[in-house]
Structures are given as C-alpha cells and as structure tokens.
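Naming follows writing order (A, B, C and D), and every chain is counted from residue 1.
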Amino acid sequence: MSAAMSEISAAGRLRAALGEAAACRRPVQAIGAVNAMAARVAVEAGFDALWVSGLEVSAAYGLADENLLGSRDLADVVTSLRRVTDLPVIVDVDNAAGTGASAARFGGDLQAAGAAAVCLEDSRYPKCNSFSEHRAQVMAETEAVCEQIKELKAAAPGLLLIARTETLICGGSMDEALARAASYEAAGGDAVLLHSKDTTGDQALEVGRRWSGVPLVTVPTAFPHLDRRLLGEAGFVLAIYANQLTRAALAAMHRAAVGFRATGVFEACQLADVQDLMRVGDPDARACL
Amino acid sequence: MSAAMSEISAAGRLRAALGEAAACRRPVQAIGAVNAMAARVAVEAGFDALWVSGLEVSAAYGLADENLLGSRDLADVVTSLRRVTDLPVIVDVDNAAGTGASAARFGGDLQAAGAAAVCLEDSRYPKCNSFSEHRAQVMAETEAVCEQIKELKAAAPGLLLIARTETLICGGSMDEALARAASYEAAGGDAVLLHSKDTTGDQALEVGRRWSGVPLVTVPTAFPHLDRRLLGEAGFVLAIYANQLTRAALAAMHRAAVGFRATGVFEACQLADVQDLMRVGDPDARACL
Amino acid sequence: MSAAMSEISAAGRLRAALGEAAACRRPVQAIGAVNAMAARVAVEAGFDALWVSGLEVSAAYGLADENLLGSRDLADVVTSLRRVTDLPVIVDVDNAAGTGASAARFGGDLQAAGAAAVCLEDSRYPKCNSFSEHRAQVMAETEAVCEQIKELKAAAPGLLLIARTETLICGGSMDEALARAASYEAAGGDAVLLHSKDTTGDQALEVGRRWSGVPLVTVPTAFPHLDRRLLGEAGFVLAIYANQLTRAALAAMHRAAVGFRATGVFEACQLADVQDLMRVGDPDARACL
Amino acid sequence: MSAAMSEISAAGRLRAALGEAAACRRPVQAIGAVNAMAARVAVEAGFDALWVSGLEVSAAYGLADENLLGSRDLADVVTSLRRVTDLPVIVDVDNAAGTGASAARFGGDLQAAGAAAVCLEDSRYPKCNSFSEHRAQVMAETEAVCEQIKELKAAAPGLLLIARTETLICGGSMDEALARAASYEAAGGDAVLLHSKDTTGDQALEVGRRWSGVPLVTVPTAFPHLDRRLLGEAGFVLAIYANQLTRAALAAMHRAAVGFRATGVFEACQLADVQDLMRVGDPDARACL
C-alpha cells in the first residue's frame, strides 16, 4: 500500500464514488470502525468507506461524547485503520472544538494522518450527542460555522468536507436546516448532512426532496428501515452506518463476559478463532489452536 | 476516582488479592480489555483485574503480533482503561523489546500510566505469537532476561512483575521451564507464568504440582476446560483470560457486517443500544433512541 | 526512581515546599521546561520545580497559543520530564478547554501522567495568550470556573490546583481579581495566581499585600526586577519563570542558524558538546567527539 | 499549506533538489529540528530540509539513544514540524528496531505523517550512538538490512530511503563500507550515507572519490571544516547538520539557568522576546511585552 498514493486517491476515490452513486442512485456505504479489527471486518464484508465516529472513539477512550476528543485521539485511529486498508476514511470531528483555529488543527492533523474526508457539525461548543436525552444540543452561529469551514478547508484542502447541521436534532425547522446547509455549501462544504432523529424517516425523505446542491449524506441510525434503494431514490449518495459494528461488539462482549462469570466457560462458538485475531494485523498468520 | 491513590492501591490491591487467592485456592480472574468498552463490560461482569494483551492491542492498531508495539501504544490503552475503572491493570509487554534499556522504558512508562503489573516474557527479540504456526518462537538467554527483570524493577519498583517463560511453548522440557522460572524469581520476579499450549491441560497441572515459589499465574487459552476450581486446586492464584472478549467482539462484528451486506439491515437484537454505548464514557447518559 | 512513590511525593513535596517557603518568605522557584533537555538543565541549575507552559508547548508543537493543546499533548510532556527527574511538575492547562467535563479529562490525564499540580485559569474558551496584543482575553463566568475547579479536583484529587485569574490582564479591578480568587479558593483551589502584565510590579505587590488566603503564586514575566527576596517579602510562595529557558534556546538557535548560513560554520564555542546531548537521556554516556 | 499536495511534493521536491545539487555540485543543506521552534528557525535561516535526529529526539523525550524511540515518537515530531513548514522532512529511524516488520511500521507511520525521506542504518539492534565511547556499535548482517530496505520500501513507496552504513564507525574498511552501500543500493536504497567519525574529513573525501552510484549523503558532525563547496566538490548532494541547533539551545538554556540562579535575573539580551515565541505557532501574533 502506498500511503502517499492512496492518501490522494482515497479522497479522490471517495469523490468518484459519490459521483457514481449519484448517477446510479445507489449510495456509497460507510461503516463506523473504531479500530483496525473493525476495519478488517468492514473490508471483508465489502463496505465502501470507513467512518471514525466521535461516539465510538469516545467510548473506546472511556470519555463522554462531549467534545473531549482531541485531534490526536482521532488521528491515531485513522493511522490504525490505514494500516489494514486503503478504503477512504471519513472522520467525525464533531464541531472541531468550536473555533476556526481548532478546526484548522483538526483538518491539518487528520489530513496528515491520511483521512479522505471530515464531517464538521454546527453544534455549539461543548457539544453533546445528537441522541442525548440528558443534555440538549445547542446550535453555533451560522457565521461561526462558516468561518470554521473556511479555516478547515484552508488548512486541509485535500480533505472532502461534509458539513453537518444539527438543526433538525435541535428542533429547528426544515427551512432553517436547509438554509444552514446552503450557507455551509457557500462557505466551501463539499457535501452536506442534515442530521435527523425522526424514526419514521419522513424527515430524511423530505430532506432528499428539497435539497438541491452539493452531494447529500445521511446517517440513518434512527431510521434503519430506509434501505439502500430507498435512500438512493431519495437522493442520498452516502449512507453512514455510524456505530452498528461497535454496538454488535459491545453486546457480544457483554454476553461473553456475563456468560463466563455464570458458567465458568466461554462458549467457543461465540468466539472468533485466535487465528482470526492474529490475521487482523498479519493476514498470513496461522495459529495452532 | 483518585488516580494517585488508586495507582498505589491498584498494585497493592492486586498483591492482596493474590494472597487471598492463594489462601482460599481460588484464583483472581483477569480479562483482556482492549479499550474502555471492554473494561466497562469486565467491570459489570465482576472480573477482578484487566489484562492488556499484546495480541489484542496489536490487532486494534492493525499490527502483526511481532514486537511492533511500543510502550506508548500500551500506555495509551492503560490510560483509557483507567478512565472507567480502578481495577488493577496487568500489561503484557511481551519481551519489552528485548533489551534492558527498553525494559526500563516499558516499565517506567507503564507505571506512570497507572498499570498495576506487567508480564515480561523470555522470547528472543523479535518475538512471535505463542500460538503461531507460521513462525517459531525462539528463547532469549536466561541471563539477558534476568537483566531485563532487574532493569524493569529498578525503573518501576511500584509494578508487580510477572515473569513469563515460553520454554514449554518452544518445546523445552518442564525441568528447563521450572529452572527458567526459578532464575526469574531470583532476579526479582514477583510471580511466574509458565506458558503452555498443551490443550489437555496436563502440562499446566504439572506446573502447578512442581512449582514452589512466588505466586503462579496461568493463561488458559489452550485449556479452557480447567475451570476456576481446578486451576485453584492446581495452585494458580491468577488466571488471565487473554483475548476472549475481543474474539467475541470480532465474531459479532463479522456477523453484523456480513448480515447487513446480505440483507440491508442490522438485526436490532444483535446490537447494544446507542445508550449503552454512550454510557461507557458517561454512566449517566440517556438516549432518545 | 519510583514513579508510584514519587508521584505521591511530588505533590506532597510541593505542598511541603510551599509551606516552608511561606515560613521563611522565600518562594519556591519553578521554571518552564518544554522537554527533557530543559528539565535536565533545570535540575542541574538547582530549580525546585518544573512548569509545563501552554505557550512553550504550543510553540514546540507548532500551534498558536489559543486552546489548541489537548490533555495528551501536555501529558506527553510530563512523561518526558519525569523520565529525567522527580522534581514536581506543575502543568499550565489554560482554561482546560472551558468545560467541567474537559477539566476532568485534563486533571485525570495529567494526574495519571505524574504531574504534581495544575494551574487552571478563568479565561473564556477559546483563550488567547495573556500578553497578546492581536487578540483580547475574555473572562469566563465565575460560576463556570468554580464548576471546573470542582470537577477537576473530583477527577484528580491528588493534584494541587492553582487557580489563576486573568482579571487584571483583562483590565478588571484589583477588587474584582481578589473576589475571583476568593471564589476559586472556596471552590477548592489549593493556591491562587492573580496574573499581571504590569511591568512596574506594583500590581503584583498590591496583590501580595491584599491577599490573605491559600498560598499565593506569581509568574513575574512582566516584572523580572522583583527578585526572590522581594517576591518573598511580598507574600508569594511560588514564583514561576514560565518561558525563559525556551526563549534563551530560541535566540541561540536563531543565532546559530543565521551564523552558519552566513559563514558556513557553526561556532563550536556556542554549541554544547555532543556528549552533553547524549547525557540528557543517559547520564553515563561518553562521546568520542 | 496543502498537506496532501505538499506530502507528495515534499519527497518530489527533495528528489528534484538532490538532482540539482548534483548538477551544480552544491549540496542540499538539511538541519536537525527537534520541534516546531527549531523548524521555524531553520525556515527563517533558509535551510533546504529538516532532519529528525534520533539523538535529538531521544534527548527531548529523556531517553538514551539506544533504540528506545518508537515510530510514534518520531511521527509526532514530523507532525509538529509540518505544522509550520512544508520543507522536506528526513527522519533518522536508526535501524528501525532491527526487523523487516518493524521497518515496515516505521516506514508506513512516517510516510503517513508526511515525511519525505527516512534514513535507515545497518547497526545491529539494539544500536548505540555512532559517537559513543561507552558502548560499541555492532553491525547487522547485510542480508538482514537489505530485507529491511525492501520491506520499508514496500510499505512506504512514497518515501525516499537513505541507506546508511556504520561500517567506518565500527572500524570496518572502506572497501567493506562501499560494498555495504552497493548492496543497499541494489536492495532499493535511493541514496547512501557512509557515516564517518574521522575528524580530518579524509575518510569522507575518500568516500566521495570512490562511490559511484545513487546520490551520496553526508553528516559532517565530525568534520565541520569541510564546507559546502568542499563537500559539493567531493560529490555529496545532501549535507545533514544533525544536532547543531539543539546543541546551541542546550548550551544557551544552561547559561540562562545557571546565570539566573547566580544573579536572580535572566539577562534580557540573551532571551528571544515573548512575541518571538508566540510567533512560532502563529506568525501574526503580537505581544505587549
């Protein structure tokens, strides 16, 4: 793998894939990968791109999802993922710590680490998780976000920037959300994401109908019944499955741990082989077990 | 949580727990935790200690299990684990890069990061995984290992040092393995581990019968049928379940990813809730999903 | 060196030294050390403590002094310093990224890395340098700072917390500054620092006369003519020389580089020996040059 | 600054510069930069490239120069340097921890961090400093080094690889040194460096006369009287001033610290202004002091 080559081509390939997705109305599928094990799984299952999720990475580091991740925390994950694959890596930088200078640091560090794209959202610093009930997301000023977009692009022109608005999450109107997205496109956003927690999916579909601009991205955590075909017909060119692999891992670890404590044994059929684990970092590995 | 307090008490509590385990012939149970999510699972299931596995961490970073991890790679994991628990953390440093000076760096960095113990093995640099079939482990000279033990203890006197011999893994005799362990105890090892890949468990039981010295540790990956009672009766005071949680996670991620690619949906019953993921780093979190 | 021991004793020794300084009216002298080379210099010159300066560390990383440093950036410096000395390390965390949760992360990470103390200031996120002319510092709300103090202390009870107010820097009155300091003491601050850029030193002396509470700290960058005796008589128990070593290094590197480009040679008398450089990390090293 | 662009062009520009240097017999001048402050100094003085020195970085981290640096330690320095300049960065990886797999990790990590070149030497793991008198460098087998070269190039094809032989340092003959260099060229080395501690410079000049192959590099620490013209006439296309800036910094910090302890004041004329320090990471900064 040529990192210098693939770094260019990762962003380039992602752009090309988005273009093709638009043409055939079939969104690129990115999946959250919190470490190289998840990345290996994603590659083997045939996903098109990887997503470095703020929530997943926060959990892996033992941190609340409240703007506690620094650019190095995220860059280290990108470095790990890129050791096992040259799939494009899209990094969730949340609000990039809320300032123009901090957005520039996130952009520069992540581009240097080999990311293909970042997703910058318009929550006010300090953010909370979009699905939080114990805290409420507050929006940053549109102008401040546009300034962040410009500074991030100036610091990292090789990155594709997905501008994400939390307007709908925060209870704003669709008109407001679309206006935000238009402002971010004007400021330099290469794609937009109007995040939604509407479990019916109607909000997402309306976004698809009403947006006409740079490519449209979705994170269908709250409306998984909208499948690839429906999302594609609705106009989305990139669907990000943000945290499903980690949630599968968390459930499985819990079952295994509780089961062992109850019975004294780990059920072998629930465990990957030692060899599978060895092969994440060394595809040629073979184990005697 | 007081890190300064718990750092002292982590090693101290581990020593106390090992003493109690010896008295009641019921080994302390440590489990591999590759990140804070696994640590949270381990805490909730009631494990006594955490193990930072060279194989698991290598896989998470996308590296082969061949002496590619540096002390910072491991220290970062310790830092993450300690954010969510004050369970004692035992770190697998492999051969600590094979020199006295490198053993001192590993010891110093890991003690500073808040580890309670390290496990140093006598493979020759560069090591391979104990269960490898594609490579063969080679032993370092006894004298060189003893020198490493001394330098590590001098640099990190607060750490409990588990000296691990790969003699049986490499095809050496039980007499040789016991002699190695005795040398390492004499050099300052606080506990010993005579690693075995004998799937019958007979080798492990013989180790238990023949060793009389500092506390005895086991990693029963190859002989899971020896349960807590049997291991305790055999004389082990610490049983390390080195990579089962990660293997459960890997299998589950694979199932989820392949299933999604085939069906277009993630089976909700296989996934932990978003809220569970949020609660790893923030126990008070609640989600609207 | 026992890190577990020295970690406790670093904070403990710092407290003891501050008590003694108060008794004999002779302030403890801390000096900024941006890496282990500076730390070695500080030790050899007989300083009492080390200061990890936000400005110095930002410059070393190539970042503006505007809240761009994360806790890992600072923790890595602490780890380096502690490899060569067990002098107490005091870390300038600026406003700790401005939230209670972020203050907890800074505190936890830095305590885990072995810091003895942190200095938390009441600038509003994002901060700028106290001596900036191109930007203006803005104050955070008193209540928010008190919340940060409480969360940091809860996360890192082993750290001595120096609460720093930028009131005088921002043009506030002495009464306001003293009221801020009193609030921070009430919230749990172990010492206070009323920062001043008054080059006459009169402001600093007035602080000394009017404050009666927890130990008083000063950073006399702007009033270097107030020497140890004068600062001690004024009531300060800790004087922090925040960036002088790095400024000496910067000037010397500039002279050496420009001189070489002009003449084609580095003046040997301006350079430390290769052996001196080798001895930073290995006191026993000897060089053939 | 476009990292994706400059990453490519850094290696490309370095190659171009070496070609031009060969044509006009005027070597490219690289200077050791241990952090972004040194990099800023190097840029302002007009150097052509930066060198990340194993000795300098070890000292900054408080480590002996004995294979204790990991790839992350070095990659972090590259990241810092690249924040303030797009000069090509050449990284001293020592023997890259002595194995093919470790060479691949160093190459991959450093290419990802944006390095333009690495310098890989043929010391046996664990190495010591080339100018050590307290330890003796031992050579690795030629074949093993060639294998490392191949694995590093495969993992990081975008990097220019300088193969360095310690033959002359270890007392080997010129014939042996030249044979080693030829083997390394055959294995894929893009340039060679036959390191010498001969203070007369005769050995270096002989290297220049006898080598005919890929571009020739020199580190004239031991023979500073060979100036740019003489080195160019001798056939060198790249001269690396490995640690002079740091040695200037170390001497200056020592003078400042000892002077302060003796007199109670830092001599202002010996210190860079606070503003100079602020401008390392923010060229637009202005200070009120």
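One rule holds for everything that comes next: a residue touches a chain if its C-beta (ideal position, glycine included) is under 8 Å from a C-beta of that chain, and two chains touch if they have at least 3 such contacts.
Source: prediction; values computed, not measured.
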* Asked: Any idea what the CA-fit rotation angle from chain C to chain D is, to the nearest 5 degrees?
  -> 180
* To do: Between A-C and A-D, flag the pair that has more C-beta pairs in contact.
  => A-D
* chain C and chain D: spacing of chain centres that average the CA atoms, whole Å -> 32
* So what's the Cα centroid distance for chain A and chain D, whole Å? -> 37
* So which stretches of chain B touch two or more other chains? -> 63-64, 66, 68, 82-83
* Asked: Which positions of chain B touch chain A when the two form their complex?
  -> 31, 34-42, 44-47, 55-56, 58-66, 68, 76, 80-84, 129, 131-134, 197, 199, 221-222, 224-225, 227-228, 241, 243-258, 260-261, 264-266, 268, 270-274, 276-278, 280-282, 284-289
* Could you please specify the touching residues of chain A with respect to chain D in the complex? => 1-5, 7-8, 11, 75, 79, 82-83, 108-109, 111-114, 155-159
* **Partner chain C, residues of chain A touching it in the complex** => 63-64, 66-68, 70-73, 97-99, 101-102, 105, 125-126
